[in-house]
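The next part holds the structures, each set out as structure tokens.
Each of the next two complexes has chain A plus one more chain, namely chain B in the first and chain C in the second.
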Partner chain A sequence: MISEIDIYAGLSSPIHRWDPRLKVISILALIFSIMLLYDLKLVIISMLFAIILVYISRIPFSFVVGRLKWVFLFLMPFLIILPFTIIGEGVEIARIGSITLNFRGIESVEFAVMIVIKALTAVMLIFPMIGTSRMDITIKALEDLHLPNKLVQMLAFTYRYIFVLSNEFMLMERSLTSRGFKRGSNLYTITTLSKAIATLFVMSYEQAERVFYAMRSKGYAGKVTTMHEFSLRPQDWLNAVVVCGFAIFVQVAVWYGTLEGA
Partner chain B sequence: MVHISDGILAPWIWGSGWVITAAILAYTLSKMKIDDVPKISVITAAVFVASLIHFQAGPTSVHLILSGFAGVTLGILAYPCIFIAVVMQAFLFQHGGVTTIGINTVNMGVPALISFLIFKAGMKLNVGISKNEILFGAIAGGTAVALAVLLLAVELLVTGEEFTEVTTFVVAAHIPVILVEAIFTGVIAGFFAIVKPEMLSIKKRL
Partner chain C sequence: MPAIKIQDLDYTYNDGTVALEHVSFEIEKGESVALIGPNGAGKSTLLLHLNGILHSSESRESVRILDESVDPKKIHEMPKKIGIVFQNADDMLFMPLLGDDVAFGPINLGLDKEEVQRRVKDALEMVGLAGYEHRVPHHLSGGEKRRAALATVLSMEPEILAMDEPTANLDPKSRRELIEILRRFKEKGKTLVIITHDVNAIPELAERVIVLDKTVIADGPTRDIFSDTEMLVKIGLDVPVITQLFEILRCFDYPCDVLPLSIEGAVTNLTETMKGGDGHVHLHIHEHTHSGISSARSKYHIHVEKHE
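The block that comes next holds the complex of A and B.
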């Protein structure tokens, strides 16, 4: 079962109190800045900065690590396969028939590690960015930031339906199981699950339409309305300066590094 | 697996991904009516949820991508649908990356648009079988995944020669997905044609 990202939005921390609009923009800028880095040292420093942000936000590390685990699984092939090659140059380490396995050298291990750390840092930063405000507040912030209204509405609706649909799918799976259905690698499994999912779509589609028309008839015109009003305090700007400052700092460090190298 | 994480592709590749996505999004959103919101949102949520369902395919476990399905049901609106699904995956469930949202949307969205064209062309064709939704749904579903994997492979190879082995691995892992996805999309297209034809982007001419 998927858990919602904003379950820790009720905590209180400087990041929770930070205006969501500035928070989203600043941390996004930081993520983009880190992705442009190709220097292991700076990437590691950025990761420490991300860890500090998570620490300040008081989101439990166990929650973050639980999510990072899956990202890491996806990145494993890069870590394992990248340092070795069968067509490129390198130190020969094994030969199986006509295939030679070469080790590319320590630089490629460093490169692989850097890729993995960059990806993990980006994921880690998502938690202080989205995990510290309720989802409806974040969506309202996106609207205030002039994201196209149709996209904002789609985000809001889709977010709700994800949980509705996954609940209904679990129910459907239970009823399939109770009728003796077992998953296997055969055509029967695929067609049965396909039809089950198709039924789910039809049901949800009709439900979504009813909900949407009910909302329209009660005056919904596409604007996100919440009780929460945004106001910018000096502290919000200070936070933005710190986070964006770090994003600029790493870029300056890269620029300075190339100057020295040349 | 078709969505690539942050920090792997060269910046100019993910940068151009954003530019292409912004252009196609601007066009498709202008064609979108506000009444389309519930339909697109449900399909988007469905694409998302279905990607959590794993099939056993030989030795590995694969999950559905459903970009072909989005093309068959939503037409050109499949592009915003896939954009939102990619955004959700990146931010809420840490699948894929943030900077790579643009390029991931291109990788899955452009094949979705092509699969829509295939489906549309197929519906006009009279191949002499009673249910060409199933046949062309399957072709559209399979093509969408194959093209997505192809795009990703090209991007990885352009980024650097050192990705050759990883690319081979990624492509090989997706061959069963292409097959499963083709069957899935075919079955669903056939099902919708009988049960709820308005959910298909193209209606068969009687």
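The block that comes next holds the complex of A and C.
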């Protein structure tokens, strides 16, 4: 059983071989840099850069697109609402009761498209960042980057117990099905499943307590440390220079743009 | 010096359920003891008292491990002395990789890196999982998980090992493997405490049995405890199958004063009997044989109330 999050972690690519610490930092820097952009051209260039990264990482585009679909669904309202709500006064094109619909020109459409592409690019970059190392290695990388220990532990335990909980829920569902329960779109289904989920919560609480006992029995006094060690090669730094370099490049381009504008 | 000394231990759960009442016993260093008792007898609760995870104000100083009383504030110092393996292996394996899980205890003990690595390697070897450092715990089989959980405790090299239901829910091979691992631990002169319902495994693992049902019902050498069938059956416990078989054989006039508890005991017993009988074993059916068999069988028959 490989969890979906780790499904492409076993591939071999330059991104997979990249030291997870530098990978997380560099791509995160790139994401932040892209989020600060408000220039459609630069955002499109960034998206192309992100596509190249995904291509190099060998994560199938179908997989990425399949997930981006849901993000796009969430972003759709921006495409529809933004052209009528920002920049200037606009031209009235419709009136429904007390609501007037003012089209604010092609700039506002561009702005909406820019926002959507920017968001999609940021989400797309998560794939080479997280999807190219096993989750436990990424968690260790975060620990090595001195992320607060409590946060690292929360991540580690969430990751570990997703399997336990999903397994428990699967067993519960099987036991429901074997006693004649059929899922449908009715109140009975909802109440039954919510009861099952409530029980799952109680069970997970009790399990968490037992795990805590086990940790205490093994000398746990508040800090989790692991043995894994990372080592940096020149190639890791080179990758970081390329990705961070691009992040800086787009910001410099914005800066020059404003200089020229002035 | 006793490895474990419990003096008048009481424990009541928050909801008022009495789990333990006036429990007292001592276990010497190097002894191996089986803790048996019906479900809900407080065995697991007692286990959690051994390293101070459960404690109550009225029973302070009740538990002493290696001649030091267990201080609930210093639980993190206990693993050096006593390692506890819980019933559910999933509770024990909480790190991303098995290697991390096995290293968890030694790292907490503040050992240096080489020593941690050595212990991880040794512990995994001891349980037959050498080279499993980079395996993901939730991908292991049930038997492997149980052994992995044991390795996470063995890596702390405790003086005393306490294990809750080591052989429950294992296939025969995994069960056998686990018994062998525990035997080897015992042979090193370490102290072993096991909670179990697997009466057929007890003669191999423990020379002494403590029967617990909220309080200590009986405490003595394994043979003596298993001779007291009446007491065992009364609280709903069993006697090894081999013992039951030899009791039946006795009804067929098989000469046997001391009933064997295990296959090994049975082999010795049969060999001796054959030596005395010119290479033969003689069994006979008499008038009283059948009634003898029924009374022997009813002796082991646990009474279950029938609901109409």
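In this text, the second predicted complex is superposed on the first by the 205 of 262 C-alpha atoms of A that agree within 3 Å, B and C clash if a C-alpha of one lies under 4 Å from a C-alpha of the other, contacts with A are read in each partner's own complex, and residues count from 1 in each chain.
As a convention for this text, a contact is a pair of C-beta atoms (placed from the backbone, for glycine too) under 8 Å apart; a residue touches a chain by one contact, two chains touch by 3 or more.
Note that the structure is a prediction, hence the values are computed from the model and not measured.
Once chain A of one complex is fitted onto chain A of the other, the partner contacts of A:Ile197 are limited to chain B, with no touch recorded for chain C. When the two structures are aligned on the shared chain, A:Ser217 is found in touch with chain C, with no touch to chain B. In the superposition on chain A, A:Trp70 makes contact with chain B only, while chain C stays out of contact range. Look at A:Gln251: by the touch rule set out above, it reaches neither chain B nor chain C.
Of the two partner chains, chain C is the only one touched by A:Asp136; chain B is not.
Contacts of A:Ser13 after superposition: neither chain B nor chain C is touched. Among chain B and chain C, the chain that touches a larger number of residues in chain A is B.
Overlap of the chain B and chain C contact sets on chain A: residues 157, 159, 164, 211. Against chain A, the residues of chain C that register as touching in their complex are 48, 51, 53, 75-79, 83-84, 86, 88, 90-92, 94-97, 99-100, 103-105, 107-109, 113, 116-117, 120, 136, 138-139, 152-153, 156.
Those residues of chain B whose C-beta lies close enough to touch chain A in the complex are 1, 5-8, 11, 14, 25, 29, 32, 34-35, 37-46, 48-50, 52-53, 55-58, 80-81, 83-85, 87-88, 90-95, 97-99, 161-166, 169-170, 180, 183-184, 187-188, 191-192, 195-196, 199. Partner chain C is touched in their complex by these residues of chain A: 1, 134-136, 139-140, 156-157, 159-160, 163-164, 207, 210-211, 213-221, 224-228.
Interface residues of chain A, counted against chain B in their complex, comprise 2, 4-5, 28, 31-32, 34-36, 67-68, 70-71, 74-75, 77-78, 81-82, 84-88, 104, 108, 111, 114-115, 118-119, 122-123, 126, 129-130, 148, 150-151, 153-155, 157-159, 161-162, 164-166, 169, 183-185, 187, 189-191, 193-195, 197-202, 204-205, 208-209, 211-212, 222.
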